[in-house]
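Same chain, two partners: chain A is paired with chain B first, then with chain C.
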Partner chain A sequence: MASAVSSLEKYLEEYDEIKSTLPGQGLDWLVQLRQQGLDQFSTQGFPTTRDEDWRYTNVTPFIKKSFQSVLAKPSTTVLPEQMDHYYVPDCWQVVIVDGHFSNTLSKLDGLPEEVVVMALSDALIKCPDKVKSYLGQAVENEDHGFIHYNTAWFSEGLFVWIPQQVKMKQPLQLVHVVTQENVATATRNLIVAEAGAEGVVIESYFGSQAQAYLTSSISEVFVAENAHLTLYKLQNEASKALHCSGVYSQQEKHSTFNYLDFSFGGLIARNELHVNVGFAAACDLNGLFVGSGRQHFDNHTWINHLQPRGSSRELFKGILDGRARGVFQGCVKVFEDAQKIDSEMHNHNLLLSDNAEIDTKPQLVIYADDVKCAHGVTVGQLDDASVFYLQSRAVSEEEAKNMLTFAFANEMVDQIKVSSFKSYILALLLQKFPQGGIEQEWL
Partner chain B sequence: MTSSTKEIEQLIGKEYDKGFVTNLEADTFLPGLNEEVIAALSAKKNEPPFMLEWRLKAYRHWLTMTPPEWAFVNFKPIDYQQISYYSAPKQSEKLKSLDEVDPELLDTYKKLGIPLEEQERLSGVAVDAVFDSVSVATTFKGKLKEVGVIFCPISEAIQEYPELVKQYLGSVVPQEDNFYAALNSAVFTDGSFVYIPKGVRCPMELSTYFRINAANTGQFERTLIIADESSHVSYLEGCTAPMRDENQLHAAVVELVILDNAQIKYSTVQNWYPGDKDGKGGIYNFVTKRADCRGVNSKVSWTQVETGSAITWKYPSCVLTGDNSVGEFYSVALTNNYQQADTGTKMIHVGKNTRSTIISKGISAGKAQNSYRGLVKVLKSAENARNYTQCDSLLVGDQCGAHTFPYIEVKQPSANVEHEATTSKISEDQLFFCQQRGLSPEDAVSLIVNGFCKEVFKELPMEFAVEAQALLGISLEGSVG
Partner chain C sequence: MLSIKDLQVKIGDKSILKGISLDIKPGEVHAIMGPNGSGKSTLSHVLAGKEGYTITGGSIEIEGQDLEEMAPEIRAREGLFLAFQYPVEIPGVSNIYLLKAALNAVRKHQGLTEVDALDFLALVKEKIKLLGMDEKFLYRSVNQGFSGGEKKRNEILQMAVMEPKMCIMDETDSGLDIDALQIVAAGVNSLRSEKRSFLMITHYQRLLDYIVPDVVHVLADGRIVKTGGPELALELEQKGYGWIGQVE
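Then we have the complex of A and B:
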């Protein structure tokens, strides 16, 4: 306990040093917002396993390392060719390296003029009022240490604003890269789709090699009436990283929000996905986590049906090998008078090794009677009969197991509608089968 | 639709018919709890010294604990000093037979539908009746003794079979287990004790009726059932209480020990006074029930029908330690008006090839809140463990809530765990279909709800199944939206 306190103090001491370098200086509302975040953070600290929502994920030993917040200017320069393998083809790119926007690495040619895509720090200078109407709105009712930390500390982020009736022709990729060891980055993204707008955003998180660092990222998503937004997220952090991110989405009537998450990297990765679904709005939330070694994935999803006639679909799949541990916590809450809700939540997990572990906690909280809500969870291993069937067709046992595991995962990859991103994910997924046997030809 | 809702509401509105008070002279402690009260209680019960120590250990630990707050229920904190921890119908001498029991007391049981002496003759169910804090009558003792089955009040067992009690009491639910279990361990007054010897199949069903009568008392009963190797027993439990405006506490502990190849079937029909339709009064039912399947191939089956209590906080659990042991949980929980129920089960898989099944049906009507909270935990040692969970909720009316909080923790890759849950209201199509075939709306509702609960009812012993269905009808009548 004493050490936890002292590590919290270290973070707080450090904040005094970096405070003046953070964007948005001189904007009273933002200074106030950050101060609120700091106050809450200093009383709560980072969450511990004593918090019900964090009971399966212990970040305390990791946080003790007290990572250094990145300073105002990137200390290293990254060459464009080093970035190539992070880029998903046929997308516009916004690049954040070590918590700071890189203009030279970003690629926004051909972006329609009416669409606003810029670094949050720029937006705070060019259109602070617009930022003000969104920043912090989607996390207003969220309350845990990482959110307050992010509010106080964020150094950069992505600001996307798609005006009314505008349909983006190709996806926008946020490339978030950490190159340094023992740093903490905090970014805040605002993604706004105005009435009738359509867009696809890919958030991707990378790190180099085996470094330990902390990524704190929060995306606030606003989907207005009749707008359709798709958000893909790829988490492929370095193998010792702590990734703690959240997507908090507000949906207005008749809008749709599709979310698809791929968690491959990091040592501890916590994804929060909280959605407020409006009248007759629909959301589709999906995810795949593939863990090995000592990786720990925690997916925390929460769907609030505040208005009638909404629908939600959720499917998270986990594959765990080695000593990996997976956590799925999902809640669907239907508020009073939110009638005619149709909701389904599924979580399927495959345990491949003796030491893998899964903890899953699907929840329904229902206050309206005319609803159809269901959830289903399975935990199991590969079907012996299926493996035997393949073996009887002259497929080696190892290959048979790989094929079946891959097929289990591929259901999620198949949901990607952007072909370039689909091949990108497929390639990453195939790297997860190092024993070989997965031949591209039968794909 | 509206007319059927109205009829249903009338149906729901039916009053609690077990709510009478019996005027008996009672021997009651003054409210309050401290070590002297516990010592007095222990002395009253004529307990050997080890029990007093055991109680005090629990009490001292209880003082360091705080009431759990994680359950999805709301109530004002309980003042434990305002409760009387002992109340017994006054009797001069120890009774030798049923004939000597206070006729008024027997009358009460008759009103409850448990004519003790008749039951002895007709139904072949052995009954132990617990009134407030003491066990008043146990039937069929003689017949059971012939086959070696011990079925008696636990207070008697403590005096007559101290070795058995010493060995097993608290071995499933330790004194420190949780706040209410610790309180119970300190102040429990009576309950049933059952021991089924090796290889014996209990020739009849055993049954206990619990009744809270006196005001301002808490009832803390403790049940301990031991099924020795290759034995089998089916045990039933029923509960009622008078209608009172204040809330009363009922904090029971039930421990089941199941050894090699033995089986226990434990059925409960819980019908404590649920409070009136404005949510006034009613029993707080905070119960810890746990079965330890210690032996190989052992089996435990919990079946519960929960229709009463203002607040229910109850999670009958199975610890599946023995290889190939089986745990089952079948539950119907019905809440109406302002009732709140947070109930479910825990299945802890420790041994190899252990299997568990959970079927939970929640029905919520009026302004009630009904939650299922369950844990399925598969430890690393539990190879080939298997669990199937299904929890369905039915909502009746638009102001109630139904919630599901399952926890699934798997550390063994060869385990197969499945969980399914649904929440919906009674289908209008089904109602229409029934009505179109000439059923009245309430009959249609009753039919559909009974169908919804069928999987659980079929697990109940015959007499209880009939009672449960009737109870469900009474508690629910009028509640389909």
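Then we have the complex of A and C:
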């Protein structure tokens, strides 16, 4: 306990040093917002396993290392060729390296003029009022140490604003890279689709080496009436990283929000997903986590049906090998007047070793009476009959198992509608199955 | 080709096969008929190398090699093929991918190079036409959502691509409509050669009208209780299995 306090103090001491370098220091409302965040963080600290929602995920030993804010370190130069493999083809890119936006590495040529895509730090200079109307709004009622930390510390982020009726003709990729060791980065993204707008955003998080660091990212997503937003997220952090992210989305009438998450990297990765579904709005939330060694993946999702006639679909799949551990907690809450809700939640897990473990808990909280809600969970090994069937077709046992494991994962990859991103994810996934002889073109 | 001597098999403590002997020569077609639960599928599974069966006596050889010690995939590469009575659905693995993996595994085993993508496609398209299947089936997941008859046809497609020398077909005819039965039978007949043998498990004479066997066996309660020529199948069709017991 004593050490936890002292590590908290270190974070707070450091804040005084870096405060003046944070973006938006001239904006009173933001200074105030950050101060509130800091105050709450200083009383709460980071969540511990005593918090019900963090029972299975212990970040305390990690946090104790007192990562230094990237702002306290000299910035690094990254060459464009070092970035190549992070770019998903046929996308616009906003690149953040070690907590700073890089103009030279970003690629925004041909972006329609009416669409606003920039670094959050730029947006705070160029259109602070626009930022003000969204920043903090989707997380307003949340009380959570990582949000408060993020609010106080965020150094950068992605700002996307798609005006009414505009359809972005190409996806936008956030490329978030950490190259330094023992640093903490905090990123706040704001993604806004105005009425009738359409867009696809890919958030991708990478680490360049096998280093320990903290990535804290919060995305606030606003999907207005009749707007359609797809958010893909790829977490491929370095092998010793702690990745804590939260996506908070607000959906209005008749809007759709599709979310698809791929968690491959990091040592501990916590994803939170909070979705407020409006009248006759639909959300589709999906995720795949693939872990080995001592990796730990924690997915917490909350779907709130506040209005009638909404629908939600959720499918998270986990593949765990070695001593990897997974957590899935999904909560669907249907409020009193939210009638005619159609909701489905599933979590399927494949445990490839005896030492892998998954804690899964789907939860329905229903206050309305005219709703259709289903949920299902499976935890298991590969089906013996399927392995034998493939063997009887001359495929070796090992290859058969790889094929089946890959097929289990591939169902999620198949959901990607952007072909360049699909190939990108498939290639990453293939690296996770080194000995399978799986050929991409045949899947 | 396939030589089974006094094979005895248990599942757990339960004796299922109680001493089976069969000798199938290259180019021969044998049929096995017999009541439900008599052990026909058990025999086919044991031949293919499925786990869960204990061989308590006897031997199985394929071209003089002991089968028992071989892993299922090695048996398949050596040319033993089982068309399952109940083919398994494999979501996420496309039919064409499995066909290619299977063919290349067999070729590699024979010391041949892998087929290149274009040659393979040409080969598969020829075989799929032979079985009267739509090319769309190639890109669907293996057996997933296939109708009963489509699954059976798909088994024979795999057989046609892998070109095994010992083909075991477990009730391939059940589930096939009359037209499909003719097409599949024609496909099988086109594979017949003096180097390739067939063991067909069936309940019905109809299949044997199209694929005429050299030898017909009756399996009852884990034993071969009668062996004869094609006329035996006709007799069974008329009289059922009851009379064989009386003969015993």
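Note that the second predicted complex is superposed on the first by the 437 of 443 C-alpha atoms of A that agree within 3 Å, B and C clash if a C-alpha of one lies under 4 Å from a C-alpha of the other, contacts with A are read in each partner's own complex, and residues count from 1 in each chain.
FYI, a contact is a pair of C-beta atoms (placed from the backbone, for glycine too) under 8 Å apart; a residue touches a chain by one contact, two chains touch by 3 or more.
All values reported here derive from a predicted model rather than from experimental measurement.
J.: Using the superposition on chain A, decide if chain B and chain C clash or fit.
T.: Partners fit side by side after overlay.
J.: So, A:336: does it touch chain B (first), chain C (second), both, or neither?
T.: first
J.: Using the touch definition from the top, say if A:408 reaches chain B (first), chain C (second), both or neither.
T.: It touches chain C, and chain B stays clear.
J.: Specify the partner with more touching residues on chain A, choosing between chain B and chain C.
T.: Comparing touch counts on chain A for chain B and chain C gives B.
J.: A:377 contacts which: chain B (first), chain C (second), both, neither?
T.: first
J.: Regarding the shared-chain residue A:392, is it in contact with chain B (first), chain C (second), both, or neither?
T.: Touch status of A:392: second partner only.
J.: Figure out whether A:359 sits in contact with chain B (first) or chain C (second), or with both, or with neither.
T.: first
J.: With both complexes overlaid on chain A, what's the closest CA-to-CA approach of chain B to chain C, in Å?
T.: 16
J.: Show me the residue ranges of chain A that touch chain C in the complex, using the header's touch definition.
T.: For chain A paired with chain C, touching residues are 383-386, 388-397, 399-400, 403-404, 406-408, 410-411, 437, 439, 441-443.
J.: Please give the residue numbers of chain B that touch chain A in the complex, ascending.
T.: Per the stated touch rule, the residues are 70, 378, 380, 393, 395-425, 481.
J.: Flag every residue of chain C that touches chain A in the complex, lowest number first.
T.: 48-51, 71-73, 75-77, 81-82, 84, 87-88, 90-94, 96-98, 100-102, 105-106, 109, 117, 141, 158, 162
J.: In the complex formed with chain B, which residues of chain A make contact?
T.: Within the complex, chain A touches chain B at residues 52, 336-337, 339, 349, 351-354, 356-381.
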